[in-house]
Structures are given as C-alpha cells and as structure tokens.
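Order as written gives the chain letters A, B, C and D; numbering starts at 1 within each chain.
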Amino acid sequence: MSVAALPEAMRAAIDAARVDVAALHAELPRWGLVAWTAGNVSARVRGVDGADDLLVIKPSGISYDDLSPADVVVCDLDGELVDGALAPSSDTAAHAYVYRHMPHVGGVVHTHSTYATAWAARGEPIPCVLTMMADEFGGPVPVGPFAVIGDDSIGRGIVETLEGSPSPAVLMQSHGPFTIGGSARAAVKAAVLLEEVARTVHVARELGDPIPIDQGAIASLHARYQHVYGQR
Amino acid sequence: MSVAALPEAMRAAIDAARVDVAALHAELPRWGLVAWTAGNVSARVRGVDGADDLLVIKPSGISYDDLSPADVVVCDLDGELVDGALAPSSDTAAHAYVYRHMPHVGGVVHTHSTYATAWAARGEPIPCVLTMMADEFGGPVPVGPFAVIGDDSIGRGIVETLEGSPSPAVLMQSHGPFTIGGSARAAVKAAVLLEEVARTVHVARELGDPIPIDQGAIASLHARYQHVYGQR
Amino acid sequence: MSVAALPEAMRAAIDAARVDVAALHAELPRWGLVAWTAGNVSARVRGVDGADDLLVIKPSGISYDDLSPADVVVCDLDGELVDGALAPSSDTAAHAYVYRHMPHVGGVVHTHSTYATAWAARGEPIPCVLTMMADEFGGPVPVGPFAVIGDDSIGRGIVETLEGSPSPAVLMQSHGPFTIGGSARAAVKAAVLLEEVARTVHVARELGDPIPIDQGAIASLHARYQHVYGQR
Amino acid sequence: MSVAALPEAMRAAIDAARVDVAALHAELPRWGLVAWTAGNVSARVRGVDGADDLLVIKPSGISYDDLSPADVVVCDLDGELVDGALAPSSDTAAHAYVYRHMPHVGGVVHTHSTYATAWAARGEPIPCVLTMMADEFGGPVPVGPFAVIGDDSIGRGIVETLEGSPSPAVLMQSHGPFTIGGSARAAVKAAVLLEEVARTVHVARELGDPIPIDQGAIASLHARYQHVYGQR
C-alpha cells in the first residue's frame, strides 16, 4: 500500500496525526516517564473515503530530541509499514493489536516509567486509595500477563486485561505500563497520571497502609470526573 | 452579575489578581507539585466601593503552558461564575467555602503533591520534627476528613481542621493538601514548603524515628519566623 | 561603619565577592538543594590595607530568581549590617560565628536539602561507605547539637563539631546541614556532594547494610583527593 | 609523543572524537547521573596509518557547563597525556586498562549515579527482573571488587568482571558503576539505562519481591534486542 494512493482526506488526517504524535512524544521526557529512547506514542488514523484505519507511531530507537513529524511512521493495523523512512517502534505489533480489537481506542502509549514498572515487576495491581485514582482509573490499575515481544501476546494481554475494566492503564508483568485513550492525548494523560498514582501509592505504602476508599465513592468519583472535569 | 457593572476599582483589582494568579500557577509545576493539569491556585479579590468579595481561580483541565491572565476565571464566593470564557476549576466550591468562612484568608492552593498526598492516603498527620516545620507550620500538619467533590463537605473539612490551628496546610484524607495564606503567594509558599517537609520527614522515617522537638521550641521558632523572617 | 570609608582594594574585594556569591546561589536550586527562598551562601572578604574581615551573604526571604549582586548584603563578623538595602539572612549570626572562630574558612553554605536533613532529623551521622565520601568528607558526616536561632548556639554547634574533623559538613540536629570551605565555591561543592552521599547512602540502607570501608583506605582516598583531584 | 607528529587521518579522528565526547558529557547531567564535576566519558580513537590507538577523556574536576571539545584530553592507552592543556580525569588509568584489555570496547563511562551506586555500596548485583534489563544487560548487573584509585586494580576489576558477561555494566563495590560499549554513545546509553533499572528494581524491592524472569526468556529478549532494536 502506498500513501500516495490514499484519498486526499486520509492523507491530510495522516499528516495531522504525525504532527500531533511528534508533539505528544515530548510529554514523555517532560514528565520523566522515559529514559534514552524508550517509550512510544501512537494514534489511530480513522479511515475516511473508503480507506482503512491506519496508525502512526514513533520510529525505533530514535532520540526524543530528533523526533520530527516527518520521522513518525505510518503502519496498517497489522503493524506493517505503509509510509516512513525509518523502522517503526519494536512495540508496533502490540499497538496494532489494540487498535484492531478495541475500536473505541484512538491512542496508545507505552513507557517503562519507574513506579508503574516497579508495581509491574512485583505483578501487583495498584490499589485505588486516592480520589485522583478513582477519578481517572475508576478502580485499581490491573496487571497483565508476562509476555515477550515477537508475536501477538503483548497486545492480547493488554486487550484481555482492559476489556471490561474502567482503567485506561495496564501494568504488563515484568515489563511496564500501556495506556489507552479516545485520542493519543488522552492516552498520554493516562500515562502521566498513572506514574503519579503509582509513585504516590508506593510512597504511602512505604510507611504503612493507605486507608481504603469505599467502592461506591470510587464509582461516583469516576462517573463525575468523566462527565464534569475540564472544558465542554 | 456582570463584571462591567462593577466599580472601576474592583475591575482593576480583578485584573491585577488575574495576572498574579496566572503567574503563581507556574510555581506549581516548577516545584514539582502537580502532574498534567491537576492543582489550582485562587485569590480573594476584596470588595471595594460597595462591591462584594470575589475570587479568581484556574479554569478546569487547562494545561499550565496555556494559562494566561485572560483565562483565569472570576467567581463569587458561592462559587458561581461571574466572568470568564472557561469553566472554573472543579475545586472552586471548596475554595469559595474557605473564603466565606475564613475572612483573613486571601489565597488558597490545592495540589496532589506526592509526599503530602501519601501522608493523606494513610490519614496520618506529619509530625513536627524539623525546625523548618516549626517555622512555617507551627506544629504537625493536620489531616482533614474524607470528603467527595459535589457539595460543601471538602470546604467544611478544610475550615474545621484549620480553624484554631497554626498550620496553613491540611491533608484531606485520601485526596491531597489544601493550603491557605494571607495572599495567594503565601498559600503557594505553604504548598511548596509542605511538600518539602512531607518528603523530608518521610525520608527520615524510612530509616528510623526522627527526634521529637520540644513544644516550647516549636512555639518560639514559629513566633520568631512569622515576625522576623524576610524583608519588612 | 560605612563601605565608602573602606580602602579601595577592600571595596573592590567586596564587589567581587557579591558577584561570586550571587552566582553561586544559582547552584542551590540547580542541584535541588533548596525550596522557595530557603538556603544561603556566604563568603568571607579578607581584610586588606588595614580593614577588618567582612562577610557577604544572601538577604532574607528573597527569591533565587531575583538575586542580583547588588542585593547581596555586607556584614561584619559580628553579623551586623555594613552595606545593603535588604535585611541579611536570618542565618547570618551562624555564618559570622564560623568566620570568627575558623580563620581558614572562606565560605559557608546552609541548606535544608532533603536527604541530609533527614539524617539530621534522626540525629544520625552518615556512615562513610562510599569512596566518593572518603574523597570529599574523609569519614562520616557528623551531627551537631539541636540549637535554635537567636543567639550563638547554632554557630557554636557548627564550630565545635567541625573543629578537628576532616568533614566540611555538619548535620545540625532537627535542622539541616551547614558546609564550609576555603572559598564559597568549595562550600557549595561540599553542599552538593553532601546531598549526593546522603541520598545514596540512604538508598543503599533502604534494602540492607552497606559494606564498611576500611579506615586506612578512607584516609588514603581522602589524602589523595585533597592533593591530586582537579586542575593544579 | 606529540599529536602534530601523528598521521593526518589520526589527527582528524582525534578531533572528531573530542567533539563527540564533549557532546556526550552533556547527557550525564541531563539524565541526572552526576553531581558537580563527577563522572567521565572516554572514547577509543582507533589507530590508523600505523599510529597506535589513543583515548580521549574529560579533564579532571571541570564543570560540565564549561566543557568544550578543546578541553577534552588525549592520552595513550597507558593513560599518559598526549595532548591537552588540562590534567586528565583521575579515572583515566581505569579507562586505559579497559581499552588495553578489551579490544572491542570503543567507549567507557563512569558515574556515581545514585541507585547504581547504592547497589554497589551493598555489593549486591541487580537481579534481572525487567524485560528492559534482559534487553540491554542480558542478565543481572554484576559487582566488581573493592579497589582504590592509584594503580591498575580498578581497571583489572572491571575487565575481570565484564569478560564473558553479557552485561555492559559493572558495579564497582563501594564506588559506583562503569559501563562499556562499542562506541562512547553506546557506553553512555548503558549508563543511562543502568541507572533506570537500578532505580526501578530498587523501588520494586522496597515493597516486596519482584517476580523472577525465566532464563530462556532473558536470553531470547537479549538476543532479539541486540539484533532488531533501533534503525539498521
């Protein structure tokens, strides 16, 4: 498949997504979520005028300093390269799997952020003991299975863990977090807030037991936050 | 109510407060107190020429990068919007409650800063074991009740905890800190120093028990700091 | 005493020290040693052409952003103001005491840096378990007495603890560190390295016991570092 | 030996290495691996046109702010100064030993980064419990012997520990990490990722036991990462 053969509206959507995703990558080092070239953000480009959905993602092993919209790679939802001079992130297959199986997802983020990854290393869900966790995650942040790169097992682990969960984040065991959202920006926000709650609950636990929050309060905070917070 | 109908001196005071509060918001990410768009600063605008007191506050869910004085929202002390194109912070009701019930308060700050929030998650006051805590807080930092957004219960919890306490900071259980001050700048300073002492006492406690400070020394340090520190 | 009445060479030395000390203050927030306006750096200005020694120091409660050489305050070695539009740091008496009693000291730094202050809160010396500690500190970092601001007791506690110790740093109990050096720059370097070793040894101790270093190796590393490291 | 007497191609290679190494030093403070002037990066300059291999390295005790390519020092593989106005790093002998005994090594980095040094202070290898550790280190990060500066014992400890290990990093007991790579950039990358995994595994261990990763999975992740990650 070639980008040149796509409908003009689809090409414009790809260009916009490349700009958006290149800019969003800057949020990962800014909030201390990544070291060196680790981590990646992708966005779904919804098919228009008969074209299929595509995804745009960070190329593999590229410095955050050097990442321009032109470097951002376009792949189909099987993870195959459609456009781009550079090789796509080695995590592309996992992102693609999520887009194939979760049609409402518009963005996916993967990091090895320190505190979230520490919970993942113990295979322990983060308990929902903060109102800001109830707001954004609607409950504990769940753990996904141990899975190694090279086939669909990471993507499948993400989808099976997040389907039916209010949480936009999963801690892949011994690996690190993936977050999803209706847009790439929402997935980045979830990645930032995940590390924040992973760190805060860790710190709380270092000196004792956080007080549980009642399940009714969690559900009510989550519902309110999804509908009231921010600008309409 | 419309800002245009207010006395000219009141309109000028609102403009000045918007500039001040927009600039003070930059201190929250600078000192690492907030993630993404969380956290907010407000200031009381004292009524002049017959006008009632108002408050200015951050709009809901706006990036710290994008916050200009024009974005800062004006509300009355019932938390109702008076002027501004954006929706006010979802914490406005709590700020407004504090201004209604604590007339000496000129500024309020709310964050989810990591270490202060970790003490809040355990519902544990921060013991006063540092001379800098005695200086600024005059004793332990107290814990307020668990309360959820949506009515006056957060504001009431703040006021009931801080009335009669020398501390300008309260740790709302499972939620995070609120700080008050004679001005918005003083409340921001308290938020910065709160996170500093919350972290330092946490770190001290990780390896043993901090040495208590005699109550007389705490009172004398606090009195001196309030009257001698800084420029006259 | 007035600066205008001082010998020209002394006035030039004061001007140079103000520039130096203003610039060195920027190192404190840069290395994360201070919050808000806490912390201070001073330098001795050695008397020339018959003038007595003086000291230059940060004014009280001034933001690090706003600190220019002209703001830096000049005091005599009793801590009395000699020149400056602003009130000197509330820690000036402690700095002055050190200069009066330790003639080789050319610079003093005080911070509440997190990890050093946490050791001070427990009243526990930092054990010398890193070669970089042996290099710079020549042994454990000692604890000084609990002392409150307002008389000579902080200064006396610093001097009595550091006299005869190879360490350029003392942890004042429940308060925080003071560091000394042949110059203000050397004292700032000691403050930066102190926080580094305070943090590293804390982290090491969180998961077990660091391996002791033989006293002979400590002495030999310290001697070598004092004479060989850096440019001649 | 004088640089002027070297073949022109060798002089050009030295100039390029100085530029490269000066720029790579900026990565150490950027990723929080060093305090003050500690830490150093070196690169091998492979001999061409009959010249012997040389190395370029940071001068001793120089601020990271002030480091220009012209300041970078040239030494032979016995650690003796060949060109440069400044004294070489006091760790030059260790770097030189590594280049003499490990011909595939093109770059060496030494830091006292906090978490890696904390493991070194306990003399405890970092267990391989994260997929990103398997990727980059291929197993646990090993501990090297206690050795003091002044002879070949540090260099020998590095080489004896890393020979035959997949890890590009060694934790020298009570001292800190050294990392190696095919290039100086690769050694810097290893230093950055080492601190990342040292911190993450530390944090995981603070609240329990990380789940072990099967040795077969570690080997397969390591092989894949060495051959597939990044751009070809």
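By our rule, a contact is a pair of C-beta atoms (placed from the backbone, for glycine too) under 8 Å apart; a residue touches a chain by one contact, two chains touch by 3 or more.
Keep in mind that this is a model prediction, so the values were computed, not measured.
Counting the residue numbers used at the interface between subunit C and subunit D, under half appear in both copies, so the two copies meet with largely different residues. Greatest Cα centroid separation from subunit B: this falls to D.
Copies subunit A and subunit D of the same sequence differ in orientation by 90 degrees, per CA superposition (steps of 5). With centres defined as mean CA coordinates, subunit B is found 33 Å away from subunit A.
Rounded to a whole number, the gap between the C-alpha centres of subunit A and subunit C is 46 angstrom. Shared contact sites, meaning residues of subunit A that touch two or more other chains, fall at 206. Taken as a contact graph, with one node per protein chain and an edge wherever two chains touch, the assembly forms a single closed ring in which every chain touches exactly two others. By the touch criterion given at the top, residues 35-38, 59-62, 86-87, 90, 112, 114-115, 117-119, 121-124, 146, 148-150, 173-176, 202, 205-206 of subunit C touch subunit B in their complex.
Residues of subunit B touching subunit C in their complex: 31, 129-132, 189, 192-193, 195-196, 199-201, 203-204, 206-211, 213, 217, 220-221, 224, 228-232.
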